[in-house]
Every structure is written in structure tokens, then in C-alpha cells.
Amino acid sequence: MSDATLHQKTLTARQRASDYLARRHHFHWAEALPWLLAIAAFFVFSNRMAFGSQVLIMIMFAVSLDLILGYAGIITLGHAAFFGIGAYTVALASLRLGWSEPISGIIAGGVVAGLAGLVVGWFMLRYRGLTLLMLTIAFAAMLQESGNLRSDITGGYDGLPGLTFDPLFGHFQYDLYGHTNYWYVLAALAVVFYVVRRIVYSPFGQALTGIRENVRRMNAIGSPVHWRLVTVYAISAAIAGIAGALFTQTNAYVTLTVFDFDTSAKVMVMLILGGTGRLYGAFVGATVYMVLEDYLSKMSPTFWQFGIGLLLVVAVLFARRGLLGVVESASAFRWRTGAARRRFVWKTEYWKALAVAAFDGGLIGFLIGFAGNLGRADRMSLFVSAFPARVVAFIALGAAAGIVINAVYLLVTSRSAVERPAS
Amino acid sequence: MPHALNDFISVLFDGLAYAMFLFITSVGLSVTMGLMGFVNLAHGAFAMAGGFIVVSLARTYGIDFIPALVIASVTVGLISVRFEQRLYRRFYKSTDLEQVLLTIGLAFMSIAAFTYFYGPIPKSVPLPHWLQGDVNLGFRTFPTYRAFLIVLGAVLIAILWFVFEKTNIGAKIRAAVDNRRMAESVGINVDRLFTLTFAVGSGLAALGGGLAIQLLGLTPSFALLYLVLFLIVVAVGGMGSLKGTLLAALVIGIVDTGGKYLFPVAGTFFIYVITVAVLLVKPAGFFGRE
Amino acid sequence: MADARSVLELDGVSAGYGETVVLENVRLALGERETLSIIGRNGVGKSTLLATIMGHTTLHRGQVRLRGADISRMPVYGRVHGGLAYVPQEREIFPSLSVRENIEVAVQPGAWTVERVFELFPRLQERQGNRGNQLSGGEQQMLAIGRALVGNPSVLLMDEPSEGLAPVIVEELARAVRRLTETEVALILVEQNTRIALDISPRTVVMDRGQVAFDGASEDLRRDPARLDALIGVAKA
Amino acid sequence: MRIVSLLGTAALAVVLGAGAQAATVKVGVVLPFSGANADLGHQIDKAFDLYVKLHAKDIAPNKVEIIKRDEGPPTGAQAKTIATELITNDKVKILTGFVFSPSAIALAPVVTQAKVPMVIANAGTAWITNLSPYIVRLSFSMWHPAYPMGAYAYNKIGCRTVAMAYTDFPPGKDSTEAFKTGFEKAGGKIVDSIPMGSPVQVPDFTPFLQKVKDEHPDCLYAFIPSGAHAAGIMKAYGELGLRKAGIKLIGPMDLIPDNKLQDMGDAAIGTIVMGHYAVDLDNPQNKEFKAEWHKAYGPDSYPDFMSAAGWDTMHAIFDTIKKLNGNVDDGAKFVDAMKGWSTDGPRGHVMIDPATRDIVENEHALEVYRKPDGKLGERVLETIKGVKDECKVLKVGRCGS
């Protein structure tokens, strides 16, 4: 094959690829849905816009993570570093330089965080897997430690209070209800999201997905893997920085805890929950997580974490590709036909599985009942007297729960087995 | 005694004791991640469970600290078998992200559950008399509990080293870490090996949790609070490597102690500096496979 | 050919990696103590065939039977306990185990012991304390064979044992393999080196695009080079 | 009957509220109920609940409705969001709780804008009350115990040289700064000041205390958050044998929170702290408080300095509601009504300084000893009456603004 034909061939391939991308780039009508919901939320929950703004900020933060985690396959537990850099950029600019114009402020936050991402990414992105994970954690932790070391500048863990920002466009004041903030953050999110969407569906975005799928091959075909990764990392850092800047502006306050490991872990959990590598996964994940957290912590300020944990475990058991994955498979789902339904028979395996589930549920129930006695009672007598009835009740409850959960699991998984092309 | 020498001995001794705690608690995580490729962020929850069982046994039943430690490790080890068989096994072939979601969910649940049963107040446990006070080694005294940690750590390391390096089962574990597919192809039941090592790892974590009561204190947030520390030990040592984990625990333990002793202003900075330095030079950790 | 005395049978096997199908409707039976070579061009599914017998692939259709029992759903280690052994193409020696440990982890009760392997490959005995990753290619191949033998298999699967080795070593290995054909064990040998393959086994299978293109006496192919060339497609041009 | 009791309590209120209906006052309680510092939140929450339960009748026919929310981690952000919502969505008229200073700091502009009083039950960074005219603090500032401790340590305990060790966050710096000011004024010498890591994690305290041991000062002044850190540092202190080496442990009351004291064991005996409350404080109000507490939460649960402040906080809120006869819509009026409020509570006599809206309370030098019944207790060595926040008196740093 001559060079010329080869060249021609790549050209047409490239042409086809860009046609394909252009097609995918068209907006699907369903994509308007989250935005319409966000606007509707304003009118329905107009008293709760302080919380609403925080949800939008977390969505933006999760989108930034999706860009590197979902599309480039970079696993990080230190993304709070860039969120924090953005947050402190606007805080320090306002406090020390008197630069209080909000929109230029978030741009500055994005630029500073992006530059930091560029430098750090250049060093770190030679590594992958656990090594990279630990480097990202260490970077965020070192920023936090140095911030505390210079608490004369950063305000340490008491933070920088009394930040004031100019009215938006010199006109809109920040009200107590957070209405201005909500529109402001929503607009920022829309702009950022548009950019991210462009990036993802560009040839650059496709190259990233290629890197995620197979680094070695991308290296072999001469793709500048490292620089691409660094570039996307910097972009992601910049967006995280913008989210952080908005965080500072809407709160008018920032402390060093923005760099916490918890912040990084939480945003990652939100994203995986919603579904990685699908843009709107960040919307679903962040919203579901934060609304549920808010709801549960209202219901039980002390034990709400149990509900969140359960959500995550159940989500990962039943929704392998995140919550958005469920929606996608639901839209492609056809209810079993009569023939398929008949094929679902209660085999002995299922009975066995249910028996095991009952045993496990009973075991857990026993442990809970038992531990409950151990933890609650500091005296033996209570333990002895309350032992039988309470523990037996817990065993029964656990066994019943085990059966129900497993039955549901079996039904769901056997359904997907039926869906497979028949042999 | 010259001042500098005294400093040096202090750092070495305290660092060693701390390192032993880190090793005991982290080694299970290292093997889980190395052998099964499973990111178990609920490892700290097993450690915490061990700690609380020790508290319950010692305070409710008046069982001595040492037997309580043994019972707690064995119990948690056994319970972890069911977790592994019923829950974790489904996720060996899943992505890291799903494993993260599952195990962090479990950690959250455990925090809330233990808060419910034990409350949020830090727990303590009565130590036997022979573990209190100082031991005099002639030239200076050392806290007995720390000395006990060092001895216990050394004994455990010797046992683990023997099992891992000198027995057939150890060789099988190493084979499975090297190449799971091939290990199965020579007839090793890797699933059962996983369950076994997972149980031992969780049991050791529980032991670490019991030992931590006296060292760091024990509250339900223990499940996630020290997770990063354990991950650091695993990453710096190299996943699945026993001697790597030991070396990492020693380096982290002694450097952290030395840093706090000599330059307290820099706080925990040193741990991260060491982590970054080691990983930049040896990305897979001291004894990890590239 | 699938008579009652076959030790291993593949019955209408379609298999591959994940959704991809590499093998299609493969039928094959191996008699007790029989030796069989599989040849064919690169990428026609020879290695996949062995991997499928071991249980490393996704079986889409068909059955694999060992001594008449269906092992299609049996885990890999179960198949080994049932009498299969595998020498993979890349040797896949455990790098962090010593030579002796590499063999010891695979031991199943039976006639083959560590000592007997050392008799077959004296060179391994000399290096028994070395780590697996310190061996030369030929030594690794010997170790891989020895490791398979101590499992005391009734069927031994060997994937291109001669690949990438110096001719002298290849000869030494070929001698060892010939000695094995005289023992109790049945042997399936995937081999690039057609000469060695036809030489070692009386029966040869030629594969093409995931299917069995020829299954018969090696002698027929040896006598008819044109047919052989046509079958293995000889990509020399 | 109800009218008679009303008449007895506030004649003026009856006149003012003649036409008014009985009001339900919504009070938002923001405390850390989950996370590493959950036990601090629970200590205060229990006191709140107890007070509301026992004294609901005091404000009849008005009622309070308590809405509890999780303060979350000490970031300020979550507390700000949920407290803002308490105001905008739940329409609470009074905010209270706040364990962490960042929460109070973050919220200051909000309460100023919303004109909702914020009654702080713990957060101790000294300058918080300067941030908004709607902030009233019933607990303490770091300076309350630490500053008088300086002089007391030099004059009464006999500390000539002191090493300070503190958790490296603003309250820690505040507390050591205050102690240092008082101590150096009295003539003492600080030999070292050791930051012991961030409040995020409980570290292994041994290296820090080993350093102190090797420096051999007369006394060790330690500030740590009163949760798991307190238990940790006491263990390290005991284990390293610092007391045997002649180094006395002193500090603010955070060092020996009453609900963790029994677990601290022999190591704690001889520790001298400055504080506004101890379970063993001998006054009738405290005896009653303690009895009710044990009745409600069992004999092994103890109130501590945070609970005592929580009790007084709710007391002040109730008294003010009563005083205004339930007309609490005007936040400024509510704060005005609180100024100068005083009572004899579990802590002894306390008063809200009208000038600073901060508490004026007694500080006690307390020593840990073993009681005849085998339990640990705290005995009062000396009481300093009517202590104000000296940070604001001396106008140190941000306190001056």
C-alpha cells in the first residue's frame, strides 16, 4: 500500500469519524429535561435555593470529575485540591486584593486551578492505578497542610469570614433566599456543561476514550497520550476550580476543610452512583445523593449515613452502570413475553439460594441483636434478661429480609438472563 | 545520655511501635488488593468492628484484654468469610469504581450501625496490670504497652513470613498474586484461597482495631478516618507484598514519629512527602510488581 | 472417532472471549494415551481451543467432556483436579516462586513427583532454589512442563512449547515430549513447527478460522505437502 | 388554672399579649449529630432535650418546636446551607447549637441579613460575637478559662516553665495564646509550643509528649478538642509516665470532659484544669441538673461542660420567650431582651454581658482525684468569679475589631 492511498484512507476514516461525531453532537430532546427540571425546581422549592445552589455546584464538580474519570479513565481521590484552589483564589482575591467582581472571579479561579492541574498533571499522569490514586490524595492533603501552616493567609480551619462580592452585573444583590445565587450557578453550569459536551464529542474526546480503553494501543499508534491526559486533566481542574469559586461566592466563606479527603471521596461516589462517562450521570448522581442525604439527615440527624450506605450498596448490586444506566436499560427494556415468562422456573438452585439468604439474614439479625445488647448494656443482667426474645426477633427479621432481598435479586438477574439471545 | 541520642532512641522506639500497628492493620488490605485486585474501602470497618468487640468483651463481660483481642480477631475473621462469599465475590470481576462504591457504602452503613449500638463517645478498655507503666531496659524506660506492640508485631511478622514464604499454602498465595489464571490452571482453588486470606486479613485488621483503642482511641468514625493511612502503607509497600508492607509501615511509622517529634509544625506533612517521593521513584511501591 | 474410550471430547463447541466468538462448532475426541498435534495459521483459534478446554474462555454452545462427564461449567481448578494440565504459550512461570515451589504448588497425588520431574529435566534440579523469573526461556519451558506433569494429568495440553527457543533447546524439548508420549498421559500439542508436530504425533488436526479443517493421520499430510500447504495456507508469499 | 400561673409568671406579658394567641416558637438546633465529633453534638442535644422536657410548662401557653439538623463536618458550608434553610424554609425564629466555630462564622452574615438571633451553645473562637449583632453566646470563649489559668498556674500550681501543646487549628491557637498572655504576665516562661496536627484526625500523641518529656518543663499546658483527642492525649500522658517525671498536666476543661473522665483512669489523677463546669460542682442547681440527667440518660451517662452550657442556653431562650410572651418575630428585640440575662445554673452564676453579648461566668480551678467510691471526680481548688472574655477586654487581634 502506497503512502498516498494510506493517507487517503485515513482521511476518509477521519471524515467518517467526524460525521459520526457531528451526529452524536446533536442535542437529543431528552437533554433538555434536566435543565427544565432545574428551572422548575426554582419555582417549586423557592425557599430552598441555598441548598439548590449547593446541589448545582456539586453537579459541576462531578461533571469535572467525569471528564477525567469517565472519559479518560483517570482515577483520582484528590480532586478536592482543585476545588479548593478555585475556592481560595476568589476568597483571597476578594480579601487581599479587593477584587470582588464575581464573574471575573470564577474565571480567575478556573484559570489558577487549571494551571495547577497542568503542572501537577504533568508530573502525576505518568502513573496509573493505585499509584496515581495515592499521588492525588497526597497532593490534596499537602495543600491542606500547607494551608494550615500559613493560617495567617488562609485563616486555617476557622477560615476566611466576611467575604463580600459585588452584585452580579453590578445589579443583582445576593438575597437571603439564595435566588440570585441559584440562577447565577445554573447559568455557570450551563456554560461549563456546553464546553464539556463539545470536548467530549470532539475528536479529542474520542481520543481520550481510546486512551481509557487501551493505553498501549494508543501509545502504539503514536497518539500523544501523556499530553492529551495532561490537557484534559487541566481542563477538568479548571472546571473543579470554577465550582470551588462558586462555592466560596455562594457561601461568602471558605475554610481549609474544602481540601478534605471526604470532599474528594464524596464527589467520586456521587459520580459513580449516577454513572460515569455519560455526562448526565453527574446530574443524576449528585442530585440523588444530596437530596437523599438532606432528606435522611432531616429524618435522623445521627444515623442518616446508614441510608446513604444502603443506597450505594443496593445501587451497585442492581445498577451496574450507575443510576443512569438503569434508566437507559429501562428505556431499552421490553417486558418478558409469555414464552420467556414460562421459561422462568423455580429451580432447586433458587431454593438453595433463598435458604442461604435466610441463613445469612438470620446471622446478620443475630449479630445485630447480639451487638445491640453488648453495646447498649453496660451490665450483664440486662443482657441476660433481654437476650432470648430480642435476639430471636432479630434473627427472624433478618432471615425474612434476606429472603425478600434475595428473591428480588433473583427475579432481576434471571430476567436479564432471559433477555440474552436465546441459544 | 547525650540529647541527640536520646531523641533518636525515642523516635525509633515510638516509631517502631506505631509501625507495628500500621503493619498489622494494613497487611490484610495489601493482600486483598494484591491477590484479589479488590479495593476494599471497608477494611477500616472490619478493624473498627474488632475494636468494639474487644470493648464489649472487656467491659460487659470482664474478659481480659488479651483473650478479648484473640476472640475479636477470630470472630471478625469468621464473619468476614460470609461477607467475602456473599457480597465481595460478586464483584471481583467488576471495575474498581463499583468496588469503591460497594465498600464505601458498607463503611457508611457500619459507621451508622456502630453509632447506634455504641454511641459516638470514644471507648477505652481496661489494660491488664502488666501492660501498664514502664519497662526499664537499664539505660532508660519505655512504655510497656508500646514494647508489647513491638513484640507482638515481631511475632506476627515471623509467623506470617513463615507461612507466606516457607509453606505450600504460602507459595500458592504468592502464585495466585503473581498470576491468577495460571494458578487456577495448576489446580489451585483460588476462590477458597481468597476466602482464607481475606479472613486472615480481616482478622488481623480486627486485631489492629483492638490495639488501636489504646493508641488512637475508638469511635464509629474509625472506619474511614484512618483509611488513607492504610492505603498509603499499601501503596508505598506495593500491593500484595508482605515485606513491602512491612518496610512501608516501618518507613511511614518512623518518619511520621520523627517528623512529629523534631518538626511538629509540619504536622502530617512528612507522611505525604514520603508517599510522593517513594511513588515517584518506584510507582509500584517498594516491592510491588510494575 | 468419539468412541466410549475417549478421555476428552469436544461436542459442537463454540467459544470465545466475552461476546466475541473465536471457535465455531468444534468437534474433537481424544483417546486414552493418544497424542494429537494441532497446527494452523496464526489466529485461527488453536490457543483458544486449549483455553476453552481449560475453561478460560466463554463457552457459548456445546459441551466439553472429560471421561464422559460434562465439565463445561466446572471451574478451572476443578478441571485440573479432574485430570487436565496446561502448559501455556507464554510459559507463565510464577516469578516470585522458586523453581521448586513452582512445581510444588501444582502437585496432585500420583506417579509424577517433584523428583521425577527433576529426573526428566536435570537442569531444573540444579536451579531449584532460583526464582522463577531468573530462568532462561528453555528452562522456563521445562519448568512449565514439569509443573503440568506433577498434576498427574490424564490429558496434557501444550501450547507451542518450541516458540522462541534456540534450535538446540527445541531438540532437547522435543526429545522430552517424545518420552512423554510413551507414558500414560494423553497429549494435545499446539505447534507452529509443522515438522516437529507431524513428527511427534501420529494424528494431526489442522484448524482454520475457528473450525477443524482436517483431522486425520499425520502421515497423510507428510506425504502430501501440497495439501498441507493448502490447509495451513502458508502465508509465505 | 393556666391563667393564674401565667399571671404569676409575667404580668407585663399578659398586658402586652392580651389579644395575642399562644405562639409556637420554632427553634432551629444545629449540632453535629454524625461524623467524628458526633459525641459533642449529643452532649449538648441531651441537655437541650432535657430542658425542653422539664420546662415546657414554663412558657405556657406558648410552645417551642425544635427542629434538629446535622451540623456536619467543621466546614461551615453545610451548617450555613442548612441553617439558611431553617430560616427561609422552616421559618425558625431562633437558631441555636453550633459546636464548631466555622459554622458560627459562616452563618454570621446570614443571621445579620435575616435578623434572626443565633444563640451559640459551644463554638469558642473568641471574636465570633463581634461578627453580628444577632449573635449571643452562652458557652465560653477560649480565653475564658485559658487566660486566668496563666496566672493561676504560676502562682498556685507552681509552674515556672511550661511547654504548650495544642491541636493546630484556631481554637488551639486561641487557647495557647490566651494562656501565654496570662502566664507570661505573671512571670512564667514558655519553653516550647508544639502544634499537634489538624483536628481532622486523632494522631498518635506519643511523639509530641515524648518531646515534652525530654524538655522537662514544670508543666504541660495542653489544648485539644474534647472528643476522641482528649482520650488520646491522656493515654499518651499516662503511658509515657510524664507525671512520674514531674511534669504536671494542665489545661482548659476540654482536657477532661466529664463523660470521658471515668475512662481515662489513673493517668488523669492530678490533672488541673480551669473550667466553668464539672459534674462535681457543688451547687443546688447542679445537683438537680445531675439528678435529672441520670434519671433521663442512665447512671453511666454524665453531663459535661458542653451540656451545662447547653442547659443554660435553652434556659436563656425560654426565659426570653417568656419575657416577650412569645412575640419573637423581631430578632433585634429578642437579642436586646437577652442582654443582661442572668441566672444561677449548673455552672453557678452566669450573665450575658450587654456590651459584648458574650457570657460572664465563674471559672474554677479543678483537680482530678479518686473519690472514695472508686470513681474519678473533680474537686474545686479555687473559684474565680465573674470572668469576662479577656480577649475582648484586652482587644487582642480580631477581638479588637
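Should a chain be cited, it is by its letter among A, B, C and D, assigned in written order, with residues numbered from 1 in that chain.
Everything that follows uses one rule, which is that a residue touches a chain if its C-beta (ideal position, glycine included) is under 8 Å from a C-beta of that chain, and two chains touch if they have at least 3 such contacts.
Here the structure is a predicted model, which means the values were calculated and not measured.
Shared contact partners of chain B and chain D, listed by label: A.
Counting C-beta pairs in contact, the chain pair with the highest total is A-B. Ranked by distance of CA centroids from chain B, the top chain is C.
Chain geometry summary: the mean Cα position of chain B and that of chain C are 43 Å apart.
If you average the Cα atoms of chain A and of chain C, the two centres end up 48 Å apart. Measuring from the averaged C-alpha position of chain A to that of chain B gives a distance of 29 Å. Here the CA centre of chain A is 37 Å from the CA centre of chain D. Those residues of chain B in touch with two or more other chains are numbered 111-112, 115, 119-120, 265, 267-268. In chain D, the residues that reach two or more other chains under the touch definition are 34, 38, 42, 168, 198. Chain pairs recorded as touching, per the definition above, are A-B, A-D, B-C, B-D.
Within the complex formed with chain B, the chain C residues making contact are 54, 56, 75-77, 80-81, 85-86, 88, 92, 94-97, 101-102, 104-106, 108, 147-148, 151. Remark: chain B residues 33, 52-53, 56, 59-61, 79, 82, 86, 90-91, 94, 96-98, 100-102, 104-120, 228, 231-232, 234-236, 239, 265-269, 272-273, 275-276, 279-280, 283-285 touch chain A in the complex. By the touch criterion stated above, chain D contacts chain B in their complex at residues 34-36, 38-39, 42, 168, 194-198, 201-204, 206-208, 210-211, 214, 227-229, 231-232, 235, 239-241, 259-260, 263-265.
By the touch rule above, chain B contacts chain D in their complex via residues 3, 6-7, 10-11, 14-15, 17-18, 111-112, 115, 119-124, 126, 133-134, 141, 143, 145-146, 214-217, 219-221, 225-226, 256-258, 260-261, 264-265, 267-268.
Residues of chain A touching chain B in their complex: 69, 75, 123, 126-127, 130-131, 133-135, 137-139, 141-142, 145-146, 148-149, 261, 265, 268-269, 272-273, 276, 302-313, 315-317, 320, 356, 360, 363, 367-368, 371-372, 374-380, 383.
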